[in-house]
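Heads up, the next two complexes both have subunit A, just with different partners, subunit B and then subunit C.
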Partner chain A sequence: MKDERTRRQFIRDVSLLSSSAVLGASMPWLKAMAGETQAGNGASDRVRLGFVGVGDRGRALLLNCQQLENVEIAAVCDNYEPHYQRAVELTNGKAKAFYDYRKMLDEADKLDAVIIATPLHEHAHITIDFLNSGIHVFCEKSMARTLEDSKAMTLTANRTGKILQIGHQRMFNPAYLKAYERAASGEIGQITQIRAYWHRNNDWRRPVPKGRPELERKINWRMYDEYSAGLMTELASHQIQVANWFLGETPTRVMGSGSICFWKDGREVYDNVACVYDYPKGVKVIYDSVISNRKYGLEEQIMGHLGTIEPEVRKIYSENPPPAPGFLQLINNLEKDIFETIPIGGASWVPETAVQYKGEYLVEDYQYDDTLLEMEGFVLAVRNGRPYPGLLREGYNATVAVLLGLQAMQENRIIEWPEEYAWKKNTELV
Partner chain B sequence: MGTRLDMLILGQSPQVCEMLFHEINHEVERIEILFSRFRENGQVWEINQQRHARWIKIDSEELWQAFLTCREYHATTQGIFDINMGEVSALWKGEKETPLENEVAERLRSSGMKQMEYDEIGQRIRFLSGKPGIDFGAYGKGYALAKVREILIAHQVTQAVINFGDSSILTLGKHPSGEYWPMSVRNPMKPGDILHEFNMKNHSLTTSSNRLLADDGWSRKFHHVIHPVTGKPVSEGKSVSVLSKSPLDGEVLSTAFMLLSPEQYAVVLNEFEYDEVVVVTFSSGASIQKKQFLCNNQTKPNQSL
Partner chain C sequence: MSDWIITRQRRRKELIFWGISFIIAFLMNVYSIARFNTSWSELYSQLHIVLLISFVLYALIGIIRLIIFGILKLIRKMA
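Here is the complex of A and B:
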């Protein structure tokens, strides 16, 4: 265990969180994880994992899984030589290595689950093949490059009863869980708008080895429309998932505008996107992403009539700031039956010098590795052999939403959520 | 006013508290709008846009009463409490720069309530010269607190503390484990220290000061009351707290005391009902001088009841 502190802290927090009625009911993975973590390691059955796609993300996921107890990394697969080699090294040659995932499929009986972190257009067929072979799948977000593929993956998971978990790790992040609980308790009132953005300032490219220009499309798959929906599937996906989750709804329609505005280097995907998502009852999610300025970073500003949550910075703000310190002391004293003078009176208050209300932290300040927690959750589900109810729907709906956003931008029209892709709460996708 | 409003109401159900909270908030907001000079197209703002010499009809009964009451306060404070100093005080808004002498003098000539004429039958006022600078600041706050008090009493509330951004506190009844609400005023020059302790029982407590402690822990100079004769704020550090039954009297008295000279104190106090007035002056090196006036709630000698 590399980061014992994080893990212990997490166990404590998850145990606290899972006792909340709201979270226990709506996020079943929490309850399961709390039960597991409280009972000690509890990992009696060894889980054998395979990895397909050990690039940037795949490598991180692999390192995370190596921290988990009773988990064996039995197989790795990558069709790019340097990454194949790296995967072999990372697993000290103990994992069986493949260039072609279909060869790995042939030995599926030696695996309980696979973790897929290939480029977006390589998600669907690999996922479906493994599910059909009776293997549980964790697949990175977004689900797939097309609506059809996303739906096919979902239907396959539902038909086979195998686990399909999509890599939206914020659902495993204690700050987000706490935020969700407080929003669900009504603390920020009726949410009418969520403003979300992700801003970076770089060309979003990976270096291509000298003298190997034919590798450009493989390495920089994010730049090409055929493989990726650009900022929408790579960044927005996480944040639209958060919006859907907090609102408990999916968008009814989306309008948007995208452009290649700054990085005119032959890429096909937009470097500047803006979308407005309409949700039922007039609620809106306003999204934008650019990669030519990073001042504002990323955030989801969840706004209700009583307060605001900014989960990326772990903060909650009330529309009515808390009482003055003296007044709080007065209340505390009353509750404890203390009779003593309260230092409360003071000079006239002027707005410019009024206390800058900086909100309140949702959870303590330490770095949760939500990816580690997400992997922990997945392995636990595999061990139990059952998917967490509701989790796949989140991944699916986030994916459909971002793909529709791209469509709205590309076709320059308002796109309604198609009936055949609707997967509402308590219903089946058909 | 732009102040923060904290309320503590005891002995009522949560539903009643909630209802009171909304009613009080609503009333305070209404009064704030009525008396605000910043609200474009608000009545006070409109008055301040008028040219001198023209009669201005005051339609709102409440506003008209305010003009009348402030005229009385002007008289009972030796001409110190003055609601037509807005044009001069605007010159002192900058924290660092001191305005030019002649600029102040010029504005001062056409400022002050001496420029105002009332037509009581027609419910009109006019300004003899200059641009109107009506500012109901202290009056509005005291009036709002008086209204809050009325609401609480009308709903049979007997124990409550209402805090208007610390500068004005209204209490009803007493602390559950004592005979009064013990409240003290902080020292704006020395964080953590207190200037004076007050025993509040159905009182309001208001503090005016030209030094205030910002949340960064530094005290700041702050000129919000301008002397209607000199056109200047008081330069020495001063803090005045008034404990009284009437929040309106308290606000006016604490504002006036910021500008009154010690020789005038007794004469002015004689015109008011108050329980305790504490005047603190800060000299260099953060040493303080405190003057306390106690009235024990006697009837004003010159008033026959």
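Here is the complex of A and C:
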């Protein structure tokens, strides 16, 4: 990695966090990562990566991997010509380029691992083919379009013993790691509810070349039910993964409602979703996402009886914040007495609006790019030939949860987590 | 244009006024600590606020002094 200081700092932080017994057990991937051997300069240490799918996300992952030490981008693959050409340019023609991943499979012996960033419905069969060929796989989130495919991917990874890591970069994000540490220490008390949302204000479309309408479904695959579960698999999966991780549980059931409310442009996936996930012991995760208003952006509000954590803004808020200095309290009181409106009639009720306490930062502003750190983690795992415990479980459980959420919305009923997809109850999955 | 001269007595007087303002602000801080039951370390940790308030008080006293000065001058003129 070019920014050696950043990497060293992160590894040091990881080592400190994972040395705690509680955290080591809850975040086994950290413990493993902290103990991994770093890159040497020898040819045997070089990790040869292939990329399948070099669209927006694939490109970002490729650029990240180009910053890693002793990593060779050996092959790239995309069946969409502009992305294919871009991949060739990004690798200066040094990587062998393919239009069909099956051709890339034929030369699997020249690869150690592949990064898959294709449309969602293609994740499963490509992942399974590479795992069966003895290649480690990093697959972007969500795992797959269906529950069956997600389970098949997991089983294949377990059977082959190869690494299958799903792209949930928040598990490598220092703010989230610190947030988890503070929550696990009991600082925010018993977590009873997590409110998570992701709001944007755009149509979520990518431009289709003029005169090529046949490319609409290929380019805007996120709009079509056959290829994607829309907001649930593309956005919610990150936040439901965080909820599962912080609660140490998976939902028992989910209810929800979705609609195409604003962007009535022929899309098949909802542009407005709301789900309530029930967790054991009465805990709730309330999720919503819209793409017609961005005022509140995205956040996971992790609420306990002693405090709240908002990891996206790196903040923790106590329910009983430390009092302001006495002198400031006096001045504030004087100011209120002089300038505040005095009600002389009407309602005597004072609205219980949000507490104005600004909280404290979990971590100082940092230069870490969690995707870069996640990729480095994957490369380290490949170099050492061992998957990080816990990571696949997180990816799997998040995907199952969001797909069940979609099912609840589409079928307009409460969906229980099916036994056959429960990680804990299926030893074949673990 | 005539020269503006701030005499030694005037400077001394103004310093006394500001000193009184500072003492009032400091006592306000003591009162606040006792009233809101906060830490006595605020006696020094909040000195910057005390200093700020002392200047605000000094300015308020200045306005009052100007008004009194104006009224007295008016009375003298009328007498």
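As a convention for this text, the second predicted complex is superposed on the first by the 349 of 430 C-alpha atoms of A that agree within 3 Å, B and C clash if a C-alpha of one lies under 4 Å from a C-alpha of the other, contacts with A are read in each partner's own complex, and residues count from 1 in each chain.
Throughout what follows, contacts are C-beta pairs under 8 Å (C-beta built on N, C-alpha and C of every residue); 3 or more make two chains touch, one makes a residue touch a chain.
Please read these numbers as outputs of a predicted model, since none were measured by experiment.
Once the two complexes are overlaid on the shared chain, A:419 sits clear of subunit B and of subunit C alike.
Once the two complexes are laid over each other on the shared chain, residue contacts for A:342 go to subunit B alone; subunit C is not touched. By the touch criterion stated above, A:329 is placed in contact with subunit C alone, subunit B being left untouched.
Touch criterion not met for A:109: it reaches neither subunit B nor subunit C.
The intersection of subunit A residues touching subunit B with those touching subunit C, taken from the two complexes, comprises 323, 326-327, 330-331. Per the touch definition, subunit B reaches subunit A in the complex via residues 2-4, 6, 8, 10, 161, 163, 165-167, 169, 175-178, 182-186, 188, 194, 197-198, 205, 207-215, 220, 222, 224, 239, 241. Taken in their complex, subunit C has these residues touching subunit A: 28-29, 31-38, 42, 45-46, 49-50, 53. Interface residues of subunit A, counted against subunit B in their complex, comprise 321, 323-324, 326-327, 330-331, 334, 337-351, 353-356.
Subunit A makes touch with subunit C in their complex at residues 323, 325-331.
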